[in-house]
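Next, two complexes with chain A in common: one pairs it with chain B, the other with chain C.
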Partner chain A sequence: MTSTTHRPVTPAGPPGTAGPAAFLDLAAFLDLVADDLGLDFGPGAATAPLAELPGWDSVHLLRLVVLMERESGRRIPVRRVLEAQSLTEIHLLMEDQA
Partner chain B sequence: MTAPGNSPLGPPLGEPVEVTAGPRDWERVRADLVAHGTALAYARLSELHKELPDGEALRTLLGRDWSRYLELAHAEVRERYAASRVLLKHAAGAVLGGDPGALELAYGPTGRPYLRGCDQIDISLSHTQDLLLVGLTTRGLIGVDAERTDRPMYGSGLGRHVCTPYELVMLRNLPEEERNTSLVRLWTLKEAYSKAIGQGMHFRFTEFGFGPDGKPVRVQRPDGTAGTGREWAFRTFVLESGYTVSTAVYDAGFGTLTDTEITTMLDQDCVEAITEALEGAD
Partner chain C sequence: MSGLIARLRELRAEGRLESDWHEIPALLAEEEGLVTGEIDPARAGRLLAAVDPAAVLARDPRARAVTVAVTGRSTVGELIDPLTAELARHGLLLNPLLGDHGAWLADLGSPAGAFAGTEPDLVVCVLDAEAAFGALPTPWRVADVEQAAAELLRRIERLTEERTTGGLLVLNTLPLPAWYPRQLVDFHARARLGAVWREFNARLLRLGEHRADVVVIDLDPLLAEGGPVCDPRLACYAEARLSAPLLAAYAREVAAVARVLTGRLRKALVLDLDQTLWDGVLSEDGPEGIAAAGTLRGAAFGRLQRGVAQLASQGVLLAVSSKNDEQPVLEVLREHPDLLLRAEDFAAVQANWRPKDANLREIAEQLGLGLDALVFLDDNPAERAQVRHGAPGVATVPIDEEPALHLDALLRDGWFATLRLTEEDRERPARYRAERLRRESAEQLSTHREFLYDLACWVEIGPPRGHELARLAQLTQRTNQFNLTGARLPQAELAAHAAGPDGDLLLVARSGDRFGNHGLVGALLGRRAEGVLHLENVWLSCRVLARGIEEALLATLLGRARAEGRSAVHARYLPTPKNHRAAGFYPSLGFNPTAQAGPGVGYRHDLRSVPEIPGHLQLRTPTPEAAR
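Let's look at the complex of A and B:
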C-alpha cells in the first residue's frame, strides 16, 4: 500500500486568524482514508458498517488511528474509534476533537 | 515460527489442513481433532467460491445467516461472508458427523460464533485476503487469526497501539529484517487470544503481550511477566502461501474426545444425571 502526502486534517487557519480551521469535510476525509489505506470505497461507504467495507479489517482500524494522529498532531482516543460503527462516526469523532 | 506437529514449543497440534467445502479433505481434520483436541483447516476464497451452492441451496446452507447475507451491499463482502459460513458449517459437519445444513451458527454478544446446541465443540473463524481459516477444539475455547506474513506493520506507527512496552523493546532488539514478520506474529497471536476470550479489540492489545518466537508462548503482562498459566496454549504456523496463522486454545480440562459424532457425543455428567433421574422415577 502506498502512502501519499495529504492536506493536514486540521489545517492552520488563514493568516491573522486564531487556531486551526474546521476539520476536513466528510468527502475529503473519505478520500484521505481511502488513499492512505489503499482501499477503494464505493457508494455508501460513509455510513456502511466498517466490517462491511470491502477489504476492511482490524489492522485498517488501527492504521486509521495512526493516520489521524499523524495528520492532526494529537492523540486520538482509541477506545472511541473502536466503538465507532462507520467512517461517518469516526469523522464526527475527529470533528469533536478538532 | 514454531514447527508443526508435536513441537516442544507448544501444544500438540497438527499443521493447518487445506480443505474445500465438499466432503473431501476432512479426514485429517477429524484425525487432528481426535488426536489433539484441536484442528485447524483453511481454504482459499478463490477456490471455495467455485464450489459454493447458489439460490435455494445456499439459503438452506446459510440458515439464519441468510438474511444477514442479503443485507450485505458489497458483492465481495457478501461472497466472503457466505464462503466463510459455508466452510465453518462444513468443518463442523465433518467433525460432528452431521449435515452442515442442519447445523445452526449463532453469535455471542461480541459477535463470537458458536454452534447452537453443540457446545462440546468450540469454533473460531478468520479471513484475510484470499484465506479463510477455521479452528475447532473440544478442549474448551479457541481463537484463530491469519494475516499475510509480509503485510507492512512495523515502522508504520502501529507498534504503539499493538505492543506492550516489553514487546516494543523485544522487536527493537531483533535484526531489522525480522521485525515486521515478528510484529505480524504478535498481532495474530493477540487477535487469536482476544477472539478466544470473546473480546475482540476491546481488550486493548497494549495491555497483554507475548514473548519471542522460539520459546513456549504464554500471555504476558505489559512488563513481560507471566499473565496466564498452562491452561492457555498458543501456536503459530507460516503457510507456504505466505500467511501467518496463530491459534489460542483454552483447556478447560475436558480432555480430548475420541467420539465427536453429533448423535453420540453426550456429556457424561448429563447422561448420569438423566439415568439417575429415570431410575428414581421407577
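Let's look at the complex of A and C:
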C-alpha cells in the first residue's frame, strides 16, 4: 500500500471536484454508511470520534470494511480502516485508494 | 433503499418500533428479499436492535422474548444483528447477552462468568478452528493438531456436564481454513490433517446425540452454500474468525432452534400445483401436457417432489391449494405417471377457483391446525401476497420460474425443524390420511343418499314373466361383478326354475327412476328344503349398483322366508376373478358365516331381524302376468 498524503477533507462539490477519482464524495459516503448501518448522523458526525456516534458499535467497523470494498470494487487498507478514528478519516483512506 | 429498510427507519425515527412490534413479523414477511438474500437480514437487524424487549413486553402481553447468551473464542458480535432479524421474522424479540471477549470457558463454566445470575433460553457458544490451532507450537505437526483437538473436545465435553448456565447449549462444528492444510507440503500429511479434523468435528456432532440440552449445528452445509470461512484480514486484525455471511447463515439456524424451543412449530406444507409441483398448467395443457419427469424441466419438479416426500416421511402433513377444477386434479394425483406424490399423500386437497387465503383457512380447519402451523409454497408472487394478507400467520416461501431452485427455497428456512423426531411424528401423516378418508366417505355417503332420494328410484320385485326369460338369461351371462357364485343359467333352465316344481323361488327386480325405466336389472334364485331356504345365487346389473336394489331383493327374499315360517336362509359366496366387490354383501345384510363344507364361504341368516327395503326406494307391486 502506498502511504497516505493527508489532504484536507474535500466537501461535497460539483462533479469533478470531489476527489482524484471515482469514489463517493463525503456526503454521499456518509449517506451510504448511515443507510447500511441504519444510523442517523447529525451535524458533526463526519469528524466525531466513532465511539461517540449515537448507536455506534465496534462491530460496525467490520461491516464497513465489507461495504467499502464492495462499493469501491477494490482492495482496501483493512487495518487502517479498523484503526480510523472518524468517518472522515475512513473517507480519506477510500479516496486515496481510488 | 429497500421498502422494508426505509419503513423500519421510519418506525424507529417515530419511536414506534416498540408500540408497533406486533406488526413487525408481517412487515418482514412482506419483504421476500430478506429470505432470498437480496437484502441482508443484518441490515434489518441493526434497526430492530433499537427495540427494548422489556418495553414491548410491558405493552403487549402476547409478545415473546428469547434470551440468548452468545460467547465464543473470537469476535462473535456479528451474530447479533442477523439473529435479531431472524428471530423477529418469527415474532421473537431478542434479549442478547454477550460474553466477555474470548472467554467462553469462563463465561459458561465459572460461577463468576459473564452469564452468572442470568437465565438464558439459549446459550450459543461460537467456536472456530483457532480454539485448537491457537494452542499449537511453531512449527506444528498433524500429531500436535490431533492432540490439541482432543484436548479441546475434552473441554467442551466437560463444559456440557459442568456448565453454570442453564438453557439449551448450541454448538457449531469448526470449519478448517485453507491456510492450515496448505502449510503442509506433502499430500499425505494434508489428508491426515483433514481426517483428524473431521474426526474431531464428528465427535463434536455426536455430543448432542444423547443430551437433550445440547444441539450441535454443522457449519459444513452452510459453507457449501457460500463461504468464505473468514476474511484473513479481519481474522488477523479484528479476531473475526467466522465471516459475516457464515454467521448470518448460522443465525438462521439458531433462530430455527429458538422457534422450536418456543413452540413455533410448522406442521403442514401447502403446495400449489401448476409450475410448483409440476411443469405446465393443467387447465390449459391437460394431463398430457404436464410433467414432473422425463424432460429436463420436468425432472426439476421431480426433485422437489422427492424432497417433499422426504419431509412427509418425517411427519410433515401435505396439502394442496390449486386454482383448478377439482376432478382433473384428483385424476392427475391418482393416475399421472410422473407424480411421486399421490392423492393419498395429501391430508387435504383444495382445488377450486376461490382465493387461496380461503383455501388455506379451510385446510387449517380440516387439519385442526392454526394458520401459523402452515407453510405455503407457490410460484406466483401475487398468490403468496394474497395469502399473507388474507391468512396471516401462514409462512410463504418465495419461489420463481426456476424449478431447480424450488427445493432449496423450501428448505432454506428449516420450517419444519424439531429437536428430536418421535414415532408419533412419523405416524402423523398416516393418521391424518385416515381421517381424511373417513371425512370424505361421510361426505360422499350423505351426498350419495341425497342423490338417491333425488333420483326417485323405484323397484318392483316378483317372479319373472315369460317374455323376460331371455333377458334374465342374458343378465346371468353378462353379470360379472355382482354375481355371487359366478353361475350363468341358460334360458331353459331358468324357465324350469320359474315353474318352481321343487319349491324353487326365482325372483327378479325391475327398476327405474325419474330419468327412465331400467327394465329387468337383478335376480335371485332360491330353493326351499327341509324348513329352510337355500339362496343359490344373486345377480345384479352393474348399471344399478349402489342404488339399494340388491338390498331390496334380499329384504324381499328374507321377509318371504320368514313369512313362510322357515328357520333360516342359507347362502354361499364363491369368489371369481371379478366378483370381489360382492364379497361383503351377505354379511352386510345380517348373514353369518357358517362352517359348512364346500367351496367358497357359506352363510346363514337366522331371520330374527330382517333388513328393510332402503328408504329411498319406492316399492311397486308387480301387476300379475295374467292381467298384462
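Quick note on the criterion: the second predicted complex is superposed on the first by the 77 of 98 C-alpha atoms of A that agree within 3 Å, B and C clash if a C-alpha of one lies under 4 Å from a C-alpha of the other, contacts with A are read in each partner's own complex, and residues count from 1 in each chain.
Definition applied: a residue touches a chain if its C-beta (ideal position, glycine included) is under 8 Å from a C-beta of that chain, and two chains touch if they have at least 3 such contacts.
Keep in mind it's a predicted model, so treat the numbers as computed, not measured.
Colleague: After the overlay on chain A, what do you see for chain B versus chain C, clash or fit?
Modeller: Result for chain B and chain C: clash.
Colleague: State whether A:D25 touches chain B only (first), chain C only (second), both chains, or neither.
Modeller: neither
Colleague: Quick check for you: in the superposed arrangement, does A:V78 touch first (chain B), second (chain C), both or neither?
Modeller: A:V78: touches chain B and chain C.
Colleague: Determine, under the contact definition given at the top, whether A:R70 touches first (chain B), second (chain C), both, or neither.
Modeller: Touch status of A:R70: first partner only.
Colleague: In the superposed arrangement, does A:D96 touch chain B (first), chain C (second), both or neither?
Modeller: A:D96: touches no partner chain.
Colleague: Of the partners chain B and chain C, which touch A:D40 in the superposed model: first, second, both, neither?
Modeller: second
Colleague: By the touch definition at the top of the document, which applies to A:L62: first (chain B), second (chain C), both, or neither?
Modeller: both
Colleague: Just checking: does A:A48 make contact with chain B only, chain C only, both, or neither of them? Give me first, second, both or neither.
Modeller: A:A48 sits against chain B, while chain C stays out of touch.
Colleague: Chain B: which of 111-119, 201-209 or 273-281 bumps into chain C?
Modeller: 201-209
Colleague: Can you list the residues of chain A that touch chain B in one structure and chain C in the other?
Modeller: The answer is residues 55, 57-59, 61-63, 65-66, 78-79, 82 of chain A.
Colleague: Once bound in the complex, which stretches of chain A touch chain B?
Modeller: Interface residues on the chain A side: 1, 42, 44, 48, 52-55, 57-59, 61-63, 65-66, 69-70, 78-79, 82.
Colleague: Spell out the residues on chain B that touch chain A in their complex, using ranges where they run on.
Modeller: My answer: residues 72-74, 76-77, 128, 147, 151-153, 156-158, 161-162, 187, 191, 200-202, 204.
Colleague: What part of chain A is in contact with chain C in the complex they form?
Modeller: Where chain A meets chain C, its residues are 35-38, 40, 55, 57-59, 61-63, 65-66, 78-79, 82.
Colleague: Which of the residues in chain C end up touching chain A in this complex?
Modeller: Going by the criterion above, the answer is residues 1, 5, 8-9, 12-13, 42-43, 46-47, 50, 75, 77-78, 80-81, 231, 233-234, 237-238, 240, 244.
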